[in-house]
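Pasting a structure here, questions to come.
Naming follows writing order (A, B, C, D, E, F and G), and every chain is counted from residue 1.
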Amino acid sequence: MSFIELSASISVSLIGLSILIIFIRLVIGPSIEDRIVALDLLSANAIAFIAVYSIQSMTTTFLDVGVILALLTFLGTVAFASYLERSTRK
Amino acid sequence: MNQLLLNILLAIAWVLLIGNVEFETFVEGLIVGYIILWISKSALGGSTYFKKIPLTISFILYFIKELIVANLKVAFDIITPKDYMKPGIIAVPLDARTDLEIVLLANLLTLTPGTLSLDVSSDRKTLYVHALYVKDADSFRREIKDGLEKRLLEVLR
Amino acid sequence: MKLIESITMLIIILPIILPLTFSVMMLFFWKSVKIQRALNLLATLFSLICSLIIFVEVNNSGIISLQVGGWQAPFGISIVADLLSSIMVIITAVIGLTTALFSIGSIDESRERYLYYPLLQFLLMGINGAFLTGDIFNLYVWFEVMLISSFVLLSLGGRRAQLEGAIKYVTLNLLSSAIFLAAVGILYGLAGTLNMADVSRKIPFIENQELVNVVAVLFLIAFGVKAAIFPLFFWLPASYHTPPAAVSAIFAGLLTKVGVYAIIRFFTTVFIYNSDFIKDILLVSAALTMLTGVLGAAAQNNFRKILSFHIISQIGYMILGVALFSPLAIAGAIFYIIHHIIVKTNLFFISGYVKKLKGSYNLKELGGVYKFYPMLGLLFLIPALSLAGIPPLSGFWAKFVLIKAGLELKEFLVVGIALLVGLLTLFSMTKIWNEVFWKDDPQNSENVTDITYKSLTSGKKFMMILPIIILAFITIVIGFYAEPFFNIANESAMQLLDSSNYINSVLGLK
Amino acid sequence: MELFLPVLVGLLYAAGVYMILRRSFVKVILGLIFLGHAANLLIFTIGRLTKAAPPFVPSGTNILTEPYADPLPQALILTAIVIGFGVQAFAIVLFKRAYQTVGTDDLDKMKSTDEID
Amino acid sequence: MLYLLIIGFIASFSAAFIYKPFKNYFGWIAASFPLFMFLSFISRYQQVANGEIIKEYYEWIPSLGINLTFILDGLSLTFVLIITLIGVVVFLYAGAYMKDYEHTDRFFVYIGIFMTSMLGLVISDNMITLFVFWELTSISSFMLIGFNHHKESSRKSALQALLVTGSGGLALLAGFIFLYLITGSFEISSLYDKHSEIIKSGFYSSAVILILLGAFTKSAQFPFHFWLPNAMEAPTPVSAYLHSATMVKAGIYLIARLNHALGGTELWQGTILIFGTITMLIAAALAIKQTDLKRLLAYSTLSVLGTLTLLIGIGSQLAIKAFFIYLVAHSLYKGTLFLVAGTLDHSTGTRDVHNLGGLKKIMPVTMATALLASSSMMGIIPLIGFIGKETVYSAILEIEYWGIFLIIIAVISNALIVMVTILVGLKPFFGKLTSTPVAPHEAHIKMLFGPAILAILGLLMGIFPNAIIGKLLEQSTISILTEELGIKIKLWHGFNLVLLLSFITLGLGILFYVLRNKFFSTIQNVRMIKILKPSEWYEYLLIFLMWFAKLQTRILQNGYLRNYIIFILITAIGLASLSLIKAITTLNINFIPDITFYEIAILSMMVGATFVVITSDSRLKSIVAIGVVGFTMGIIFIIYSAPDLALTTFAIETLTVILFVLVLYKLPKYLQFSNVIVKLRDVIISAAVGIFMSTVVLYVTSLSMQSDLKTYFAEKSLPEGKGRNIVNVILVDFRAIDTLGEITVLAIAAIGVYALLKLKLDDKGE
Amino acid sequence: MFSIILSTASKYLLPLLLIFSFFLLLRGHNEPGGGFVGGLVAAAAYALYFIANGVYEAEKLFKAEPIKIISIGLTFALISVVPSIVSGQTFMKGFWLDTNIPVIGKIGTPLLFDLGVYFVVLGIALKIIFSLAEEEK
Amino acid sequence: MIEIISGVLLLLGSLFILLSAIGILKMPDLFTRMSATTKASTLGIGLVLIGTAFYWEDIGIAARAVSIIVFLLLTAPVAAHIIGRAAYFDKVNLWEKTHIDELKGKYDEDSHFLA
């Protein structure tokens, strides 16, 4: 196993671990905003995962997905936040 | 003028996205960019920017330095069990006037670990910032105004 | 020369593409209701012509198949017209045309402005697609086109009953789609192909034939929901009486029959029908479908609710034909489909006409129609008695063939049920007749009509009565001139039971 | 032999079924979304799985050689996802309108069309 | 003959158009129609009398063995002549009687159709063609019985008649098909030489029972007799026509017609005999209680129908002779008496026998007619009725063992009929003049002419029986028994036992009449236990039917969406699992648990998010969680080589979230509706579905799959599809038509959302 | 909701996202992407703009009636089959120009079809979002 | 050499990512969590992406990596801002040690107008 392979594996494991940790926050909340932040962070982690996975799997086609993911996550977060904001307005 | 600049920027973005640094791609990017700008023309109000390239570069370097320092600071707080934080929400009066100035400032503040821009007052004169380490409100305000805001406005004006 | 060849090949895809093209044209003219009406009428007329040409072609020179995009089967998608498909496409066109007419007369302008006509064409597109496709996944797509257009047509107007009905309709149909999709997936996992002819060829080579049965059952359930057989029919009575009459009518005529068509197609062309298990399921379901449907109708006091439950009951007969699976029985089922579509659509039209006339669908509030509108009464009797199987109308021959087939195969119990249900159908139809036509108007024995009816122009009234006359005429023609219709049904049954022609035509063998 | 995706398929189906059996229509919609995911994952899994070999013809070659993932289930799922989205969008709005009209999201309050009159 | 029928139908419909302009003398016009038919058919009399059987054949649905075959033999011609002759009288009568009714034009349409159908029925040789006309008579009589449809009782009676005869009709159809299955033909005439084949067949008894069911319901045999008195709701000409001469005789006709093919067995003869006897007696007995002229006649008709059936059941030459004479006699006098009853009703405004009396001076012609017909009905010499009754008694007396028993029943029944005759035909004219709702007056000539003719015909036939009907009788018997009849009809057989019986009958009848008057109030108070009355069975059956229909509809179509879903799912999973279990036993696969770290991560995310969605008490939380599910799906797609799918999933998930957010804005909090038991049930159902699906996927993927498609796409995508992204090439080229459908779905969905949100019609109407 | 920060950001993100959506559309035949995802990204861009600036601003920016966009998309899809019919080929047979254009590669009817998909998706997403947003006002 | 740079960047990046994950779990309230996560994860992902770009030595990949980074830098603070703002309206509890709140009472409850 070359250094890059090793570091990619470690990296994937660390990201996976992070995802699980963040997921705990997503489940426990307590506020909906906490969950949104967690979801946001999850998808950021997914981008990192995609990047490392492209090295592991020796294919680059996945990176485009990362770009989209970044964009869409932002959009989702904005939508949620705007919903929350409006639902508190009278 | 502004439009042209944006158009060229879009064309460059295009070339980068395609990953094919050729003249044809650039022309293509110009055309696509033009269409995009034409579609979204009313979205962009007029404002001037990208004048002081050297200032910009030095600003970016400053910001990266801040970013790393602050990151380490927060990281330390995260990995050590004890919390050193003294958080607070501070109102920072703004010298920045245009939307772009305000937004850039707010966003850069947010990007810097330890601070988070919560909102801009409706008259656009006050920025409310949540910060992790606030000894007292006034010194915090000064820190921002003399640090990030001043440097940013230098670049932008 | 090449162009002409291409157009003759093109003809079998036109029933799908024409409605789409016209819908798009209508969307461009979406501000003008008048243009939309005209375009809609034109579209249905063209479709009718196309469908007739297809039928003649198929009847003369056998099964036609088109490999879309020039990708040979089973790699691309095949569009296939055999006799059954082309018959179904013709009826669809007839119903499309009559519904177009009836809509002009009866649909309120606000609905017209909210793209009623394009939706109608989309619906027809989906139905024709389902009849013509030779690809299992493509069938799923057309089902969805059909479903979503029906969802929209059902809820268009947004009245409370419409919405409540639509919720059940939508949910249960989506459930069936989910089962369908799962079945498609599993079938691909087993056979590695989606082309019906190819699947049919590959199935015998699948290692585990019992798994094939699992898929067959899933398809049966998915189509059974669409066909509204027992115990999967609940969405139908919950919703069919809620939209405007024209919409109810086209739904009643066509939608469930697409499910029946799919069952016939799958259990003749795709699967080899040799499982007693499937046969038992179908027989039991047929019997219970007939019974529960007709009993449901007996319990109702609403013109359209009675008619809705009768759809279910009648579907039972068609399923009976499939279950019996002799050439005669399949022919009977096909004949039944033809007859039923025409008759059921017409009854819904008539209910709509009565509604315009008297402002209600409730039998208790209706009455006195025969006294003042004897022609309408007569026009009701034709489809109603046909539905009840009174000779020599179309429904009699349909039932006759099935009963004969059932007795031949010694399925006495189910034949007995079929006969009993025929009687109960007669009971329901006379109930409507007694309450709506014979009884005096409970409010007033004078000739009182609803305000909406008074405000209708004679042109609109004509547009409503014309399709009723057309369909009644067809019912009579099928009844008195049943031989050619039965022969065609017979031939298509033969074609279905010997699927080698289908397979060869699609896969370009021989 | 992958065990974990078949288990996931079952999980998604179970969740979908459980949710569409609720009385609140928002939950029913969530159930339908689950069922959509379940069906997609089912097709994906049952079409056989291949890791790290997307069905793209690499530049410089004319045809793709094994191993590569079967592109057909992917295309089917794509179509199914999109169709599912259209249908779901309609369903969501339908439920909203029903809520506006009936005044509750309790499906048990929406039985009027099944009553015998 | 086909053309005559077609002309008949056209003529019937034309009544709707020509009635109004010729209203005042429409009776004559209308009567010319059956007269024309009568003349057309009687022109064939000589041929038929000479033993010729006239046949016509037209193809109809040859592939099903159904053709328009018509046959005119003695039996058919007899019926044809009765139908048309009485038709002439009734049509003429109706022209006057119906004048003040609304929609008389419609009346003539129905009765015309009825007559034509009846003609079709008796001349059809093909069973299915016969059946077509059989049902047409049911439908047209439905319209006639319910002619006064503003009255609920009319509608009910019409429905009752239709349902009873209709159910019999369906049985009849099945019976015919059984006969077809035995013989391979629907032609009745083809059955002549297949008698032994038929009675040996396993289908024989089914065929007999079903066909008799049809015949018995139509001819109102016990226990289906109740519809006929109720059908008296119809205007009198209808009663006179349908219930004396035509419709109710259809069943009798059918039994006679099929006797040669099905007869000769105990089943056939015995059943007919028993039901005929029961009907004969019970109907006559039930007449005692009646006071309405028409209902009295109706019950007597029932009794006669029973007698006719009984005669075929006896099946001897003499019985058939009796059958034939009695049939003709009854048609004549019963038609007359019905019309007389109508005339009385018309002239006095009442049909209650107790309110009628002493009309002889006011209505002399009617009285004369009634007297003549009554004499025939009572079997007084020299009318045809006398011959009829004599022959009937003779035929019964021929029977061994049971003859005595039967003759007693026959005498009692006939005595009761005598009583009815006195009540209907004599009482109204004699005794004291009673006051009636309308001042009595003699009826219009059109209403007198026809009945009088019929009555006189009855006399003539009695005096010259052989000359008028002898030949026809012979030919009819051949049709029924396929053997020649050696007996001539005679009016006078001398003094013998039968004549004695006739006198006893008369005497007994008068006795009954006297007793009836004496004990009238007692009789009226005799209530039959409801459960014993077949008419109550009908009512109970209807009530039960409605109760059961409502019950099953409430259970099945109960309005609860989730119950519907449960039904569907349990059916699906139940049936599919049955197959799956068989599949599993034939499979064996090995699992190699090989789970990587990120698979654990994905699995736990999926499980966790699913759990959150299910248990969440807030909408937004569920939406976030379902977002995670979608997000995890995307990751799975990335891991397993589907970047396009991942892209699409992420995009769709985001849009769905936006949609939810826009829609759910301002919806109230979740409510917790379900209790623990319901939740447990749902958990079990969903677990079953989940386990089933998992198992199917596991087992299918354990099989090997060789897909030609996969390689084909890989090879053709770039060279012919010009794209490296094979999934996209499939979408826009290989399977572009799928995508076309897909974008159509989207377009429709958008229109739907738009229309739903914008178009909000109020809840009035629709 | 109005926020200067979001509103300003959305104005700069809009063209960026749109160009990205074109990119996805055109590259889709060879790389991940295609008309569907492209259309969705474009719709997402407008959705973002709408959330940040309100439906009024969004509709001012996006002047075309979304149903027209849908119609245009469907029309493209239909036009893409015309060459196959006119030239007497099998229905929907793909037609390709010989010239190689950068980024896109070859141009042919399937791409026109994909463009149709792009517009339909864009149109429906906008129609749905705008209808819902107007409903709330 | 490039592989080593790339590997180091991957490791460093994923460490920062892990850090932000721990942060979001550990920090006491929403605002402090956002402070911790927005930056650390952006930095971490940036490093991983640069590492990946180095590994592939391909301008197209690099362009994608850069676009993602730029995009994240543009959007992350905006997202944090609107969530924070929404949370403030939503009355999400501040940590008890938050000693200054100059925003308190500045919002108009109905119109969300900020003085």
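Going forward, a residue touches a chain if its C-beta (ideal position, glycine included) is under 8 Å from a C-beta of that chain, and two chains touch if they have at least 3 such contacts.
Because the structure is a prediction, the values reported are computed rather than measured.
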Handout entry: Number of hops, chain C to chain G, where each hop joins two touching chains
Key = 2
Completion exercise
The chain whose mean C-alpha position lies nearest the overall protein Cα centroid is chain C
Completion exercise
Relative to chain D, the most remote chain by C-alpha centroid is chain E
Practice task
Select the chain at the greatest separation from chain F, using centres from the mean of Cα atoms.
Solution key: E
Completion exercise
Separation of the C-alpha centres, chain D versus chain F, in whole Å, is 24
Problem - Chain centre separation (chain C, chain E; CA means) in Å - result: 26
Problem - Separation of chain E from chain F, taking each centre as the mean of its C-alpha atoms, in whole Å - result: 62
Exercise for the section: Specify, in ascending order, the residues of chain B that touch 2 or more different other chains. Expected result: 13, 17-18, 20, 106-107, 117, 119-120
Fill in the blank from the handout: In chain C, the residues touching two or more other chains are 20, 68-69, 79, 137, 141, 144, 148, 151-152, 155, 158, 160-161, 167-168, 171, 175, 182, 186, 189, 194, 237-238, 242, 299-300
Handout entry: Per-residue multi-chain contacts in chain F, two or more chains
Key = 1, 3, 5-6, 9, 12, 16, 20, 24, 30-33, 36-37, 41, 44, 47, 51, 67, 70, 74, 92, 94, 124, 128, 132
Exercise for the section: Go through the chains and record each pair that touches. Expected result: A-D, A-E, A-F, A-G, B-F, B-G, C-D, C-E, C-F, D-E, D-F, E-F, F-G
Problem - List of chain F residues in touch with chain B within their complex - result: 3-5, 7-9, 11-12, 14-16, 18-20, 22-23, 49, 60-61, 102-103
Completion exercise
As the complex stands, chain G meets chain A at residues 3-4, 6-8, 10-11, 13-15, 17-18, 20-22, 24-25, 30, 33-34, 37, 41-42, 44-45, 48-49, 51-52, 55-56, 58, 60-61, 64-65, 67-68, 71-72, 75, 78-79, 82-83, 85-87, 89-93, 109-112
Exercise for the section: Spell out the residues on chain F that touch chain E in their complex, using ranges where they run on. Expected result: 24, 28-37, 40-41, 43-44, 47, 51, 66-67, 70, 73-74, 77, 92, 94, 96, 105-106, 108, 110-111, 113-114, 116-117, 120-121, 123-125, 127-129, 131-136
Completion exercise
As the complex stands, chain D meets chain E at residues 1-24, 26-28, 30, 33-34, 37-38, 40-42, 44-46, 48-59, 62-65, 68-72, 74-79, 81-83, 85-90, 92-97, 99, 105-108, 110-116
Handout entry: Interface residues, chain A side, partner chain G - complex
Key = 2-4, 6-8, 10-11, 14-15, 17-19, 21-22, 24-25, 31-34, 36-38, 40-41, 44-45, 47-48, 51-52, 54-55, 60, 63-64, 66-67, 70-71, 74, 77-78, 80-82, 84-85, 88-90
